[in-house]
Amino acid sequence: MAHILELTDLHKSFGELEVLKGVSISARPGDVVTLIGSSGSGKSTLLRCINMLEVPTRGNVTIDGETVALSAEGFGRHPTDADQLRRIRSELGMVFQSFNLWSHMTILENVMEAPLRVQKRNPAEIRTQALELLEKVGISAKADAFPAQLSGGQQQRAAIARALCINPKIMLFDEPTSALDPELEVEVLRVIKMLADEGRTMILVTHDMKFAREVSDKVVFLHLGKIEEEGTVDEVFGATKSDRLRQFLSAAGHA
Amino acid sequence: MAHILELTDLHKSFGELEVLKGVSISARPGDVVTLIGSSGSGKSTLLRCINMLEVPTRGNVTIDGETVALSAEGFGRHPTDADQLRRIRSELGMVFQSFNLWSHMTILENVMEAPLRVQKRNPAEIRTQALELLEKVGISAKADAFPAQLSGGQQQRAAIARALCINPKIMLFDEPTSALDPELEVEVLRVIKMLADEGRTMILVTHDMKFAREVSDKVVFLHLGKIEEEGTVDEVFGATKSDRLRQFLSAAGHA
Amino acid sequence: MDALLAIWSEIPRYGQPALFNLYFAIASLPIGFIFALGLALGRNSNNRVLRGLCSGYIYAFRGSPLFIQFFMFYSIMLALNPIWWRPMELSWLMMNPLFIGPLALVMNTAAYTAEILYGALRTVPRGELEAARAFGMSRTQVFRTVTWPNTIRIAWPAYTNEVVFLFHATALVYFTLPVINAQRDIMNTAQLMFERDYNAFLHFSVAAIWFLAISLLIFFIFGRIYERLMRHLPPDQVPARPRLRFRPKYIR
Amino acid sequence: QDVLRIGTEGAYAPWNFINDAGELAGFEIDLGNAICEHTGMSCQFVQSEWDPIIPNLVAGNYDVIMAGMSITEERLASINFTQDYFPPDPSKYIVITGTELDFDNLSGARIGVQSSTIQAGYVQENFAADNTVVEFATFDQSIADLAAGNVDVVLADGSSLEPVVANSGGALEFIGEDVLVGGGVGGGVRKEDTALLATLDEALDALKADGTVDALIAKWYDGAGPFYAE
Amino acid sequence: MGEDLAFWWGYLTNGKHLQWYASFRFTIMAALFGGVLALTFGLLGAMALRSRFAVLRGIGTVYVSMVRGIPDVLFFLFFPLAFEQGVEWFVSMSVCGPDSTPNAGWPPCREANWLLSTPEYLTLACVSLGIIYGAFTANVINGAMRAVPRGQLEAARAFGMSDMQVLTRIHIRQMWIYALPGLSNVWMLLIKATSLLSLLQIADIVWWAGQLGSPNFLPQAGLVHGDWRWAYFIALFVFYILVTLLSERVFRRLTAWARRGMPVEA
């Protein structure tokens, strides 16, 4: 099966600081890839490079066989094909740590906004799908509420519905539960688990090792901007090779 | 041995909301009393009643045999003897969750302020003691830095030194580590542990059950403004009686 | 008692002059706002030249007195009259206080409003912007979906103040521009009456009452609009309503 | 009375103005000083804006107005005037050279005047219906706006306009017939100051008789006069 | 070329221009004294606003709200005139009688007349500015007092400091940091308001600019020239921008100094 996502030799520097130092990852359709690593290791940056919220200073991103067109390497590198970028982004559903729902729109409007404006699909059809998705993540009762009226867990589920409604080829999650209280976390993890079971392609940054074990097809351990270890759950958690990973896992309360 | 702290039948309401519903606690010199309970159970309020940052609507506080003089019970109750209040407060060293170091003073000035202004002790003598205390909590190098230039853990240790410098009869800690990253937490807990081992009287609010086990002479479990269970570490953690406490402990990751 | 009666009976006399103040405010606010939006976006842009120009403009017009700006505009327009306006047969418009007044006010309010909008632009939640970009929205779509709605909500209380203070600033117009066909605003009328009978308490009080009443009306209307704008937030999370705020930064 | 406080505008050449040295100068300044010398008082000049110049006199900010003020019935209602020290001065229309105006059927013109002057009153009365009257705070501003073409014509005292036309290098010229409004120019005093009025009149009599007034007029108005020689 | 320079130098240093330059002193004095008064009234106003007594709070609120409802020009004109008339009324009570000279307008008799000239007007202008911008200052200081984090005050109380000690040792010390940006803004306002002095018959920089720029056709009065006011007003425009730029620099330094060691935000 062909790769749906390929990251080749990604580098990213912020000024002097080199955060990613050559990372290559690939995923097949249906894969759940989990990125783990200590704080500052570059997980978020890597994830944000996938949809060009950060433009990698070197290396390429290929989604479903299409490589994002970028200008020459170095600082000031930028996507050269705005249309392509827009199209590719609208195939990637991103869920942020802090939800980032548009606060002045109702939940339903939030979910419908991108399909309507970016994909320019039929409003009635989007509406049906949006309501179905809200049903699916369990907050259909809140369709007409504003984000501020929802709990954190509900907001995150709405954000997931919003990302799903563009029918993305890949879902990207950046620590989707770390801004949540433990009780609320559970609901969101359940929704993500459900998506994994459905066979969606997902790239997931998480601190929750237990959860990573449950859902991952592949686990990638980032350390100081490099892949220190990668493999299946059993390989990474069961037969840990690197000392650094062992140390990290023990600090994460999971020896 | 006489009690150094006695709280008798404390009640506290905020408007309609009754947060403390009759709490009595006593401590002997050298005791470490730990308050545990879920969020909103009234732990902070109880601690703040001890030094009258919140004035209890009913009940009394007695420190080392001296009862804080308060006006008649009910709303608008207030301390009637300003001198006594000042004296008693300067015998209670409080450490806050968010440190509350005075941001416009250096660390050394922070530590020296209360002994100098409130206790009006000899500046040279205070200075010597302050430097010793900073040494003891391990941040003597930072004496002339401003709080904002320190890490959270260093700030909290400075706050502990500040509280110690008034030679308090009792130290009060309100979740001293919950605003800290796990790595920084360790340093602060080590300092508190050291104080406990020295035989200081301490009242400690914490969420960290492991730590509570280590240091406590007495554990008090608050639930909805009442004491649901209290006793030694072994009694409370080992032979838990109340269902509520069992539930709380299991949620706290400590079955 | 007599004094109150005198004030009461003088109030209607300022009705027509008040129309001039209202005209100056209403003629300059919408144009000033559009101009300000351009300036704010320019100041927020990545283009250094554009950013410098917009910042410079905003600084100059906020950093100097409106009183002098009026004199300056009038004398510049007058100097341009023989070489531009007359040959183009635009004198009737360009030299009219009813045009120069709003012109100076537009230039001025644009700078103040731009500062407000710029401040608001900077506080648009980054996360919401990123979310929009992550979904593949184009620049204009991001502006429509996230930037604009957030900006206007954040800026509204400060803008309300700007509107009130711009209205107050209209009192300066006839201190600086010639009076045509006895067209006088509130302040000018009060001044004229004062010079007749030297009754400062009466005339200036009445003028103050007019300004106060219209200011309150503006606060009321803008407060209503604010409530509508903020209906997406539970009441306890809505920032202070316009009438409660005031920021000297945005006053001339 | 030792000090005579004279209220003047300081922006109405050649009557009263501030010269390049930054001092008050002009016909009325010289005349005032001559009066003071004659009466043995010391002169103190007080500058006032034109518009409130009469109220300021009434309020007591100075004792006499010498500001090229024509004696009119309307002003006599609120203050007294000394005898004139300048004969009735025809008002003149001034325009940019080449402008044509038909004063009999004047309409659609922009007429500039200094506010609160006799000319302002005259224009309001005769032309306001079909024309635009633009009132300026000072004489200088009215000329500036005329030269810049912001008003079509200005009506003002001939005595002040003469030097303007003469020194405009042909850019400005008189037009139409002179207008006679108001009496001569005199000093304005408060109604109740009868003693001061008598003193000033007596001084003016003397200064006219010895030719001082005529000499000053000739000095400041390009050799005009003599008006008061016997 | 040299002749031109000499001519312009001569023109720009003639008596009229020297008076113009000298008149900057009014503007500077108005700004300085007005500023000091504004700070004084501001502190008093803030104290009133934070007072325990409802009456004082009411007075403070009315004072602080005043500037929001009516234009500052109006107050700037009204206060000196009203003050003058108030004094005259007060004097007239004792002075005016059957023997005194009656007066048509105000005051009732001429003996009660208070003659205002530039020094008095300037003083009153400073007080006006002080009152108007004192209201803004009061608001800024009040806001800054509230911006001091509660925890800072609580910590002080927990260590037994008296209310006075908390106020002076912690609250006011930290207040300045939050107040400085606001005070800077009020100061800019005040500087800009000094352009209004000519409305009170003070021959200030704006009045002189108008005089100097007005066209002159009488050789006896000096250089014959057309309408140059635009040049003079542009000069003033630039002058004010430079002054505000300079004050902003100073305030920025001051703020940086005041908050050394403090958290960056706020």
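Letters A, B, C, D and E name the chains as they come in the text, with residue numbers starting at 1 for each one.
The working rule: a contact is a pair of C-beta atoms (placed from the backbone, for glycine too) under 8 Å apart; a residue touches a chain by one contact, two chains touch by 3 or more.
Molecules present, by chain and UniProt name: A, B = Amino acid ABC transporter ATP-binding protein; C, E = ABC transporter permease subunit.
Predicted model only: the values in this text are computed from it and were never measured.
Please report the smallest number of touch steps linking chain A to chain D.
So the least number of steps between the two chains is 2.
Both chain A and chain B are touched by which chains?
Looking at chain B and chain A together, no chain touches each of them.
In terms of CA centroid distance, which chain is the most far removed from chain B?
Farthest from chain B by mean C-alpha position: D.
Tell me which of B-E and C-E has more C-beta pairs in contact.
Contact tally favours C-E.
Going by C-alpha centres, which chain would you call the most central?
Central by C-alpha mean position: chain C.
Could you state the distance in Å from the CA-based centre of chain A to that of chain C?
The answer is 46 Å.
Round to the nearest whole Å and give the separation of the Cα centres of chain B and chain C.
The answer is 54 Å.
Suppose each chain is reduced to the average of its Cα coordinates; what separation in Å results between chain D and chain E?
Computed value for the inter-centroid distance: 36 Å.
Nearest whole angstrom, what separates the Cα centre of chain B from the Cα centre of chain D?
A distance of 86 Å separates the two centres.
In chain D, which residues are in touch with two or more of the other chains?
Those would be 55, 59, 141, 144, 147-148.
Which positions in chain B are in touch with at least two other chains?
none
What are the residue numbers in chain C that touch two or more other chains?
78-79, 198
What does chain C use to touch chain D in their complex?
Touching chain D from chain C are residues 78-79, 81-82, 85-86, 91, 95, 178-182, 195-196, 198.
Can you name the residues of chain E that touch chain D in the complex?
Contact set of chain E toward chain D: 14-19, 101-107, 110, 113, 115-117, 201, 203, 211, 214-224, 226-227, 229.
Can you check the complex and tell me which residues of chain D touch chain C?
These residues of chain D touch chain C: 51-52, 55, 59, 115, 128, 132-137, 141, 144-145, 147-150.
Taking the touch rule as given, give the residues of chain E at its contact with chain B in the complex, in rising order.
The contact residues of chain E facing chain B are 149, 151-152, 154-162, 165, 169-170, 173-174, 177, 260-264.
How about chain D: which of its residues touch chain E in the complex?
Chain D reaches chain E through residues 11, 13-14, 17-23, 25-26, 46-49, 55, 58-61, 78, 138, 140-141, 143-144, 147-148, 163-164, 166-168, 191-192, 220.
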